[in-house]
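Okay, so here's the structure we're looking at.
Chain nomenclature is as follows: A, B, C, D, E, F, G and H, assigned in order of appearance, with residue numbering initiated at 1 for each chain independently.
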Amino acid sequence: MTWTVYLSGEIHTDWREQIEQGAANAGLPVAFTAPVTHHAASDDCGVAILGAEDDKFWHDHKGAQMNAIRTRTLIEKADVVVVRFGDKYKQWNAAFDAGYASALGKPLVVMHQDEHAHALKEVDAAALAVTKTPQQVVAILDYVINGHLPGYTDRAQAAQ
Amino acid sequence: MTWTVYLSGEIHTDWREQIEQGAANAGLPVAFTAPVTHHAASDDCGVAILGAEDDKFWHDHKGAQMNAIRTRTLIEKADVVVVRFGDKYKQWNAAFDAGYASALGKPLVVMHQDEHAHALKEVDAAALAVTKTPQQVVAILDYVINGHLPGYTDRAQAAQ
Amino acid sequence: MTWTVYLSGEIHTDWREQIEQGAANAGLPVAFTAPVTHHAASDDCGVAILGAEDDKFWHDHKGAQMNAIRTRTLIEKADVVVVRFGDKYKQWNAAFDAGYASALGKPLVVMHQDEHAHALKEVDAAALAVTKTPQQVVAILDYVINGHLPGYTDRAQAAQ
Amino acid sequence: MTWTVYLSGEIHTDWREQIEQGAANAGLPVAFTAPVTHHAASDDCGVAILGAEDDKFWHDHKGAQMNAIRTRTLIEKADVVVVRFGDKYKQWNAAFDAGYASALGKPLVVMHQDEHAHALKEVDAAALAVTKTPQQVVAILDYVINGHLPGYTDRAQAAQ
Amino acid sequence: MTWTVYLSGEIHTDWREQIEQGAANAGLPVAFTAPVTHHAASDDCGVAILGAEDDKFWHDHKGAQMNAIRTRTLIEKADVVVVRFGDKYKQWNAAFDAGYASALGKPLVVMHQDEHAHALKEVDAAALAVTKTPQQVVAILDYVINGHLPGYTDRAQAAQ
Amino acid sequence: MTWTVYLSGEIHTDWREQIEQGAANAGLPVAFTAPVTHHAASDDCGVAILGAEDDKFWHDHKGAQMNAIRTRTLIEKADVVVVRFGDKYKQWNAAFDAGYASALGKPLVVMHQDEHAHALKEVDAAALAVTKTPQQVVAILDYVINGHLPGYTDRAQAAQ
Amino acid sequence: MTWTVYLSGEIHTDWREQIEQGAANAGLPVAFTAPVTHHAASDDCGVAILGAEDDKFWHDHKGAQMNAIRTRTLIEKADVVVVRFGDKYKQWNAAFDAGYASALGKPLVVMHQDEHAHALKEVDAAALAVTKTPQQVVAILDYVINGHLPGYTDRAQAAQ
Amino acid sequence: MTWTVYLSGEIHTDWREQIEQGAANAGLPVAFTAPVTHHAASDDCGVAILGAEDDKFWHDHKGAQMNAIRTRTLIEKADVVVVRFGDKYKQWNAAFDAGYASALGKPLVVMHQDEHAHALKEVDAAALAVTKTPQQVVAILDYVINGHLPGYTDRAQAAQ
């Protein structure tokens, strides 16, 4: 069985690449999905394809709805949803995705630093794991998929 | 039929009271629900009832999970979910609620000022109305429940 | 038990009033719901409440989304959905409602004249009754709720 | 991941072939599905297989129900539903499909020319994209699946 | 809380009246629902209201679909579904209702005599109780609603 | 796409083999599933594996519940459910399966001869096609999957 | 709004009465439901109503299935499910109820003493609150329903 | 078709290996899944990956929630859930899994010795088979998948 893991949230650092590389190194049977992470493209996709808008609100609206075709589909297909909150920006779409995934009953893993813990307490309360680093996410996937936990003699039975 | 409307989000201004007063003035058949809006109580409820925690993370966790008993129940019972984003704070729980409501298929009404429009474009894209004032929310409820729209001769048929 | 019946579709004749009057005359325990049937109000509600739009497309969009708060909520609450197709106009929203109700598993009653039967065959195929007159709809409700069928000695047991 | 895209609606022009050819040219991992587009066959399938009917209504009914075996199954399996409204005919089945897909939570893409925009405003309001050409549909699929947007340096991460 | 109990199946004896009378005597908070039990009316309702059919198959079809408006609605609203199989007839609609209720997760109570036990074994296997008499059904309702069991000192706590 | 078709009902003639052979001859991409059709084995499986019972009721119960592991799983995985009623026996399990499939929203095809039409009218009313022969079922599958209808020039577009 | 709270688990102490009394004292709008708590009656209900069994397994089976009519119905209707584990017995039915409620998405409150914490860690991990006393449960209900938290000036907004 | 079977419960004997070996010997098309069965790893996974906790309760909580990512995902993907109760320990998580699987409508097979039958009667009542040995589970799978029942001439039709 291949697990599908959706990586939602912050798009300005290489945390997705780190998780994907870590999972590849560990040979994990995981297919990663994500939103379009090209900031300008994700802002402009609606008007670029469907025609320009004078009003910035509708410019954004067309783009956000087009992105939703991708994000909602992939979240619904995911086995696990990981949501990362970075240092900057409002990142309301990350929290929106966390709520969306939670209502669908998807196991939720959150990633953020300690300084945001209080502000994210409702999101953390809906999560099954709260992490700080990509390495922890990889370790979780290695454990929940294969039963591998470093330092423990491995006789765990893993799903194929 | 009484409509149930959940008022999520910002808790530092009197926007809920304005909507409730406006709805009462208009005689709308609406029951409003909301999270606990007493900031300190909602932070401390977990430890106050279940026992203190040394670690702030678990202090928050117990409180946030206890609040979730209320918020998830009321969102699931709501006919319409209104989410307001204020001027300050991260308000990730508001965006989480919007995502949660959206995945449940609840009609979503968002309230915020123009300066947050770009950051909230994914949330707005999931909404059926984007408002700026409590008066607009009352007007929407009066229209969608009763078919009343000021300036239009009223011959609309309303649901009982 | 009170049955809730949503009356979707054509808004230029008094078919809803005829059904409601017929049901009242028969003393049926039915609460009728419907879209806002004031044509101009339903076109303009979005801009009237949320602000004008230069572009007619967004004018319509804001109105149609606002109407959806009402229509989707009421269709989901309905026990039976009746959709009438009249002589004129495209009436795509009526067919949309029929498809929406059908996917939700709502018992569907369709009303139209013979000349539209071929064009509506897919909609009719999803319906549990295809009618031509408001009187037939009232007769169906009287039968399915009370077990009354004129000319048949009434010993049917009706749900309360 | 292969995406499944259902192409509903108008059957008298080659818009499906244009989308399929465009997707093939772009190497998109998409499996397209559609209703039976042979007009006479889709009208007559019921009686041809199950036996003739004297009454045209039942002739149509048997055919429409048989077609529903295909259309409902394929819409439920689709990741994205595209509905095109052409210049002619009532096309109520297209609007029915749009409503059906919408109630199932399928991302909806609509295609029509400007002159139908007002009549289709409720359908458009339920869509995540409103297009005019097959090329736009292909561009949307290329963007939502691969993150490709012409003119934007491609560093987007796509789902496999 | 009032429990809703749907009484499906055989319509030629007074078993429904016996259950209803027994429940009334015991003061049980139960609302009973049922199909239309007037045999001729349930056969003819379709053509009586919607117009005659030459072909008996369509005569039956219109009636059966009209009855389905009632039966599916009431089964979906029921808390408990009781299905009785009598001595005579095929009673396939009773078994159909049992399967329908079972797929919806409704607690199923079956009533039949021993001679049909083998033929009904798949239906019985889906049931939570297999009874022979109306008195047993009343006793079950009295027990599951009120915790009353004759001969046992009553200190059970019942749901309100 | 491979379609999965569950063949429920009568087990004393070779109708399943005829459908499977016909589908194979036509090269249809269909995987057929069915209950265990060995009458004695399906009666005795429970006691054979789990231990004998003195009481015939529990003998049957253990077998019927064991068969339900197979039948409910396969019905839920099916794209289309075909239910055949033969000349003999009560066949309540066939009608139960039809109701079960119907409540799950599965497209239902029924097969029986004319003499049972009246007794099966509620089952037929829930079906999308009522057939008499295995050849008709094969023809339906060929049409709904491939758009093939003998005598009609084949330009239909089929799902892959 | 009245909240419905199901009290599952241990039946040998008066914890239910304490919660009910505490809720009554606080004037909480709560309707409590529970399994039948008369131990002998809940063991014997099946055979008492449906007839004796020689085999203890089937004696238990008939009783347990009859109790399931009540327990599954009431858990599905509950807004909140409280499960208490006492000092003695295996109490597997309590854990079963917790799993059942959890899969239905019901907010879960668990009650047990510290010595069982490790053995119950999977159950606790699915809960939104882990309590030790009936008083804590009452305090949680008072907080989540009314926003009351002793020691905090009460300006919380409660759902009606 | 490959069946997926989740093996929940007791982790101190080799019952899973026996079932897997038996299924392999019989050539059954089954993919088995299970929780992590390394006791120490499953206790410590949370703190090992996410950081140590002073309080044993939170140590357990982090581990149990991490295990839930695996167990809930695999139970939801399973076609059949087998739950074994051993001689020792409380095994509340096994009963929790049984309740969870039951509420999801998964066919449930239980394994335990006679001495626990009374205490497990509610769990058994939700099961479609109650077994004592791994060999019985293999025999059930061979029967429900392939229609094989030793001693019965094999002409059963199996799903592919």
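Throughout what follows, contacts are C-beta pairs under 8 Å (C-beta built on N, C-alpha and C of every residue); 3 or more make two chains touch, one makes a residue touch a chain.
Which protein is which chain? UniProt says A, B, C, D, E, F, G, H = YtoQ family protein.
This one's a predicted model, so the numbers in the text were calculated from it and none came from an experiment.
*Asks:* Identify which chain pair among C-D, E-F or B-G reproduces the interface of E-G, meaning that over half of its contact pairs, matched by residue number, are the same.
*Replies:* Looking at which residue pairs coincide with E-G, the repeat is B-G.
*Asks:* Identify the chain pair with more contacting C-beta pairs: A-D or C-D.
*Replies:* By the number of C-beta pairs in contact, the winner is C-D.
*Asks:* What is the distance, in whole Å, between the centres of subunit D (YtoQ family protein) and subunit G (YtoQ family protein), each centre taken as the mean of its C-alpha atoms?
*Replies:* The answer is 49 Å.
*Asks:* Could you state the distance in Å from the CA-based centre of subunit D (YtoQ family protein) to that of subunit E (YtoQ family protein)?
*Replies:* 42
*Asks:* Please report how many Å separate the Cα centroid of subunit D (YtoQ family protein) from that of subunit F (YtoQ family protein), as a whole number.
*Replies:* 30
*Asks:* Centroid of subunit C (YtoQ family protein) to centroid of subunit G (YtoQ family protein), CA atoms only: how many Å?
*Replies:* So the centroids are 42 Å from each other.
*Asks:* Scan subunit B (YtoQ family protein) for residues touching two or more other chains and write them down.
*Replies:* Touching at least two other chains: 65, 67-68, 130.
*Asks:* Taking the touch rule as given, give the residues of subunit F (YtoQ family protein) at its contact with subunit E (YtoQ family protein) in the complex, in rising order.
*Replies:* Touch list, subunit F (YtoQ family protein) to subunit E (YtoQ family protein): 56-57, 60-61, 63-65, 67-68, 71, 85, 89-104, 116-126, 130.
*Asks:* If we count contacts the way the header does, which residues on subunit B (YtoQ family protein) are in touch with subunit C (YtoQ family protein) in the complex?
*Replies:* 1, 3, 79-80, 107, 109, 128-131, 136, 139-140, 143-145, 147, 149-157, 159-160
*Asks:* Could you list, by residue number, the parts of subunit A (YtoQ family protein) that touch subunit D (YtoQ family protein) in their complex?
*Replies:* Against subunit D (YtoQ family protein), subunit A (YtoQ family protein) makes touches at 16, 31-34, 36-38, 40-41, 44-46, 48-50, 62, 65-70, 72-74, 77.
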